[in-house]
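A short write-up of the structure that comes next.
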Amino acid sequence: MNWSEFFNMGGYAFYVWTSYGLFILVIVANIISPMMQRKKVISHIKRTIRRENIGQAKRRHQS
Amino acid sequence: MLEAQSLECVRDDRLLFSGLSFSVSDAEVMQIEGHNGSGKTSLLRIICGLRQPEAGQVMWQGESIKSNRESYYENMVYIGHLPCIKADLTVLENVRSLLDTRSLALANSIIETALENVGLASYEDVQGKALSSGQRRRILLAFLELAQAKLWILDEPLTALDVQGVDLMESMILDHRQAGGSVIFTTHHGMQLDCEMRSVHLGHSNYQE
Amino acid sequence: MLEAQSLECVRDDRLLFSGLSFSVSDAEVMQIEGHNGSGKTSLLRIICGLRQPEAGQVMWQGESIKSNRESYYENMVYIGHLPCIKADLTVLENVRSLLDTRSLALANSIIETALENVGLASYEDVQGKALSSGQRRRILLAFLELAQAKLWILDEPLTALDVQGVDLMESMILDHRQAGGSVIFTTHHGMQLDCEMRSVHLGHSNYQE
Amino acid sequence: MLKAYYYLLFRDLRLALRNRHELANPLIFFVLVVTLFPLAVTPTPETLQTMAPGVIWVSALLAVLLSLDRLFKQDYEDGSLDQLMLSPNPLVILVLAKVTAHWLLTGLPLVIIAPLLGLFMSLPMEAVIVLIYSLLLGTPVLSLIGAIGVSLTVAVNRGGVLLSLIILPLYIPILIFGANAVDVAMAGLPVSGQLLFLGAVLALSVSLAPLATSVALRITASR
Amino acid sequence: MLKAYYYLLFRDLRLALRNRHELANPLIFFVLVVTLFPLAVTPTPETLQTMAPGVIWVSALLAVLLSLDRLFKQDYEDGSLDQLMLSPNPLVILVLAKVTAHWLLTGLPLVIIAPLLGLFMSLPMEAVIVLIYSLLLGTPVLSLIGAIGVSLTVAVNRGGVLLSLIILPLYIPILIFGANAVDVAMAGLPVSGQLLFLGAVLALSVSLAPLATSVALRITASR
Amino acid sequence: MWHWIQRFSSPKHFYTMSVPLIKWFTVGALLIGLYGLYLGLFVAPTDYQQGESYRIIFIHVPAAWMSLFVYMVMAASAGIGIIWQIRLADMVAAASAPIGASFAFLALVTGSLWGKPMWGAYWVWDARLTSELILLFLYLGYMALQSAIEDQRSADKASGLLAIVGVVNIPIIHYSVEWWNTLHQGATVTKFDKPSIHVDMLIPLLLMAVAFKLFYAAIVLIRARNEALYRDRNRRWVRELIEQL
């Protein structure tokens, strides 16, 4: 078996390789998306902390 | 400035008022009085042009508001019973979209200052649905302050406001008067204003002419 | 009678209160105080069992209201910010359908008397949508009077009421207390009650454990 | 408890009867959607006949779906739902009352008008009868399951289409069996299997759906 | 004036983007309804193909119909509509902005996803292309006419189905021509006539519908 | 026992405890998956009926199984969350949905890519296909509801309830559609009869299935950790943790 035969998949290359490609895509998306999610969560929390600090400062300033 | 000419209002089968005339000029504050259901809200909506009176008309600077709509609406702002708050927009965006209806594109910093003045500092990014009833009303106060209108028409502006909120509203009205603006408002909860105030009383009348 | 045990409430990212404990016994009137957004409405809804607190629990006659729901709800009535008025039902039907939720089948004449007491005489057959904001609230007063509950939980009951309406509310609370009932309420507009009154103040706190 | 059921049922019926036109609305929607298809497809009588059971069932399903927000949404928004949840009566009973009212106002009229539409789309008589049975068993399930969906989305701002996303997958078995029963009847085969299935689902959902709905209400309506 | 148009347009878009899921909803509804039919009808591929244009068009129409209350209802209920009507800018412009936003959020996604569904229902390629064109011309009309209906029913309590009663008859010509164009394309015949008609209706309604809508708003929203 | 469960299921504890688990699951998934792919692509013989196109099986079938499995896990943990008020279970449920949806999507697309050479059409309205599509919609509904409800606790409980109600639906959909189809069209669909599959095909298939499960385990833990951070964002342990970052 040589490589070009392998990639040809007996004439079904499009179907087989699209499937495997999508498989890789789904795996990668599943890995990346929680990483992005984590970043978003952390920055959200940091933002709230900052906002709370500002809010407290302002409130102290007012009273 | 604003003149109501023998207005008549009928709701369902009840005649609320008829032959009601008054006028409001610059730097004047006027309270519409009357018990529950006497027609204050209806009157204010007629003055705004949101409702057609059964008879009579409303004049703005000598012209009927129907023919003069654009210039009237540029100079008038109305705040009614309803909060006009979009649940999905943040506080800042809510104020902005209210201002958009008046084509006012103000800088964020100006809006933020206004929000601070009405006690919503640090709430800029909170969504409308996460606000308490008083906080919703305070957004309207910020809008009012920024709307650059000469005539304010306020329907129970004190609803849901706490003590500081009431103070704030009062001082806003006084400042506005000082600057030559005029105010028409209703309220059931004593508004303490250190200024002359005229009032129109809506009572019971029963027949329609 | 009612006991709140170290309640904690978080909304969005804000801790509104924690470790809040108090109790209300027979013939007691209690006001929940606090500025706009301090969590009064949230607290009242927790007390009603409409909302789960983050921590703590509410006890009714020694039992948690979760396990004791039926007897609690038989003895309690809650009136919130919202009017609960069906636009398509008449005033009479509105009161009746509110009473139905409590399985109270009262005679029409009794309901009509109550409506008269709250100033809605001759409005029995008017549909909900044709009422002014104050008239809507008055329907709730009639319901309150007829609900035969020991504990009243009222969130800003004075909203939209005119001067007579406020007087009416005050005297209703006093009468209820006289009869051994208890009341928990919030209001921003001075309620003048000629009786002892306890109060809980909600302020600011910041971290959650 | 039974009293509470009747009170609420009658309140909802009265409320609907107050606006006559509203009463007719799901019905009219149903009829309109069914008539849209022949207009859009330009069919031969045979294709019309093949399509008929499916089209009628889909339209019935959509009519119910669209009328679902009548169930709790209004009550949530004006605060009446709070009062219902604060009722000393078990919430399940109250939910059942509301669902009954909903079915009487939506499902039942559809069942009554459907035969007419069936004939209009040249269904044979036996198929029409099965159509009635299948709708009679199926539409209450639509109301019951719909109630779960509505209670889950009651606090969501513009939940209309979210509701359909949640509910349609749950409706699909009913649709398939209902439409299939008519199909099969048209082919002259026995339909007891499909109708039994619909009956079983009805029994199951009468006993479980109100429970799920009341749990969902306590969860979502907390504000 | 143009500024007012853009402001409002962007506000509505932002409002929709705030809830991503909501953005997808009419789309999902569309897809779901289209899938309901093959499930209910048990088709052979040929009947599926004959049904396809009609089913897709009817579903698109229903998806638009259901999303219409996004247009003014919310604004009416929370009082924002009052503020819009008190704007110094002409109401027509504002209405046009809202309708544009509605189409961008509802019609356009449908146009984009429809080809996929066409292929699912085994439509030939030429028919799919005509489907795209017909939807591209037709869906804006649906939004524009829908706006008139919504503004007429905005003050009606539960106007959902009343709305469909008012609007569906007005939608029928669009539906017939739209679906017919695809049908004809499937048969390999020229479709310019149908498309021209749709284009003409679009031009007409762009110029007249916003006017009618704003008049209707001034009448109905008086409270 | 109860006490132990409560302790381990505290988000704070879970946050630290899950790290080694994630590592092991990832390594396992990687090794087994690569070996399975190797066997599937290079070792497994050509199918005498379908030619090479059958190699899609090593993606399609594990993905389809995954989508069902994940739904069951999701519904089960949602149930645990509702009944025993264990917050970690809610987080696992919420974390599962997007993963399950992505695999349902994968199964659908690979299936239809396989369908074109086998049946001559990308899509037919057959039992399996329809039920898988509905499964995808159930996932989407779960996620939409989860994101539509603002209050986190009600969002968890409400969407959890939906997941549970959906479970009742899965077998119904499955059998109903099959029944419906066989009555009319007969089996137009080529299906493998279960036992007759070559061992050299079966082994990589099973390996891939195991690898998929391990992958799911790793990702769901990672996601659940994020959910834990977000849900406890106002608690001290998260605040301290964030401040250290």
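The chains carry the letters A, B, C, D, E and F, assigned in the order they are written, with residues numbered from 1 in each.
Keep in mind that, in the parts below, contacts are C-beta pairs under 8 Å (C-beta built on N, C-alpha and C of every residue); 3 or more make two chains touch, one makes a residue touch a chain.
Note that this is a predicted model, so its numbers are computed, not measured.
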Touch-network distance, chain A to chain D, counted in steps: 2
Smallest count of steps, each to a touching chain, taking chain B to chain C: 1
Farthest chain (mean CA position) relative to chain F: B
Top chain pair, ranked by how many C-beta pairs fall in contact: D-E
Interchain centroid distance [CA atoms averaged], chain E/chain F, Å: 36
Between chain D and chain B, distance of the C-alpha-averaged centres to the nearest whole Å: 45
Per-residue multi-chain contacts in chain A, two or more chains: 48, 52, 59
Multi-chain contact residues (two or more partners), chain B: 81, 88, 127, 129-130
Residues of chain F touching at least two other chains: 130, 137, 140, 144, 148, 150, 177, 180, 184, 233, 239
Chain F partner contacts - residues on chain C that touch it in the complex: 10, 13, 15, 52, 207-209
Chain F residues within the chain D interface of the complex: 82, 130, 134, 137-138, 140-141, 144-145, 148-151, 154, 157-159, 161-162, 165-166, 169, 172-173, 176-177, 179-180, 183-184
Residues on chain C engaged by chain B in the complex (per definition of touch): 11-12, 34-37, 39-41, 81, 119, 126, 130-135, 137-138, 156, 158-166, 188-189
Residue ranges of chain E in contact with chain D within the complex: 19, 21-22, 25-26, 28-29, 32-33, 36-37, 39-43, 47, 50-51, 53-55, 57-58, 61-62, 66-67, 69-70, 74, 157-158, 160-162, 164-165, 168-169, 172, 175-176, 179-180, 183
Touching residues on chain F, where the partner in the complex is chain E: 121-125, 130, 133, 137, 140, 143-144, 147-148, 177, 180-181, 184-185
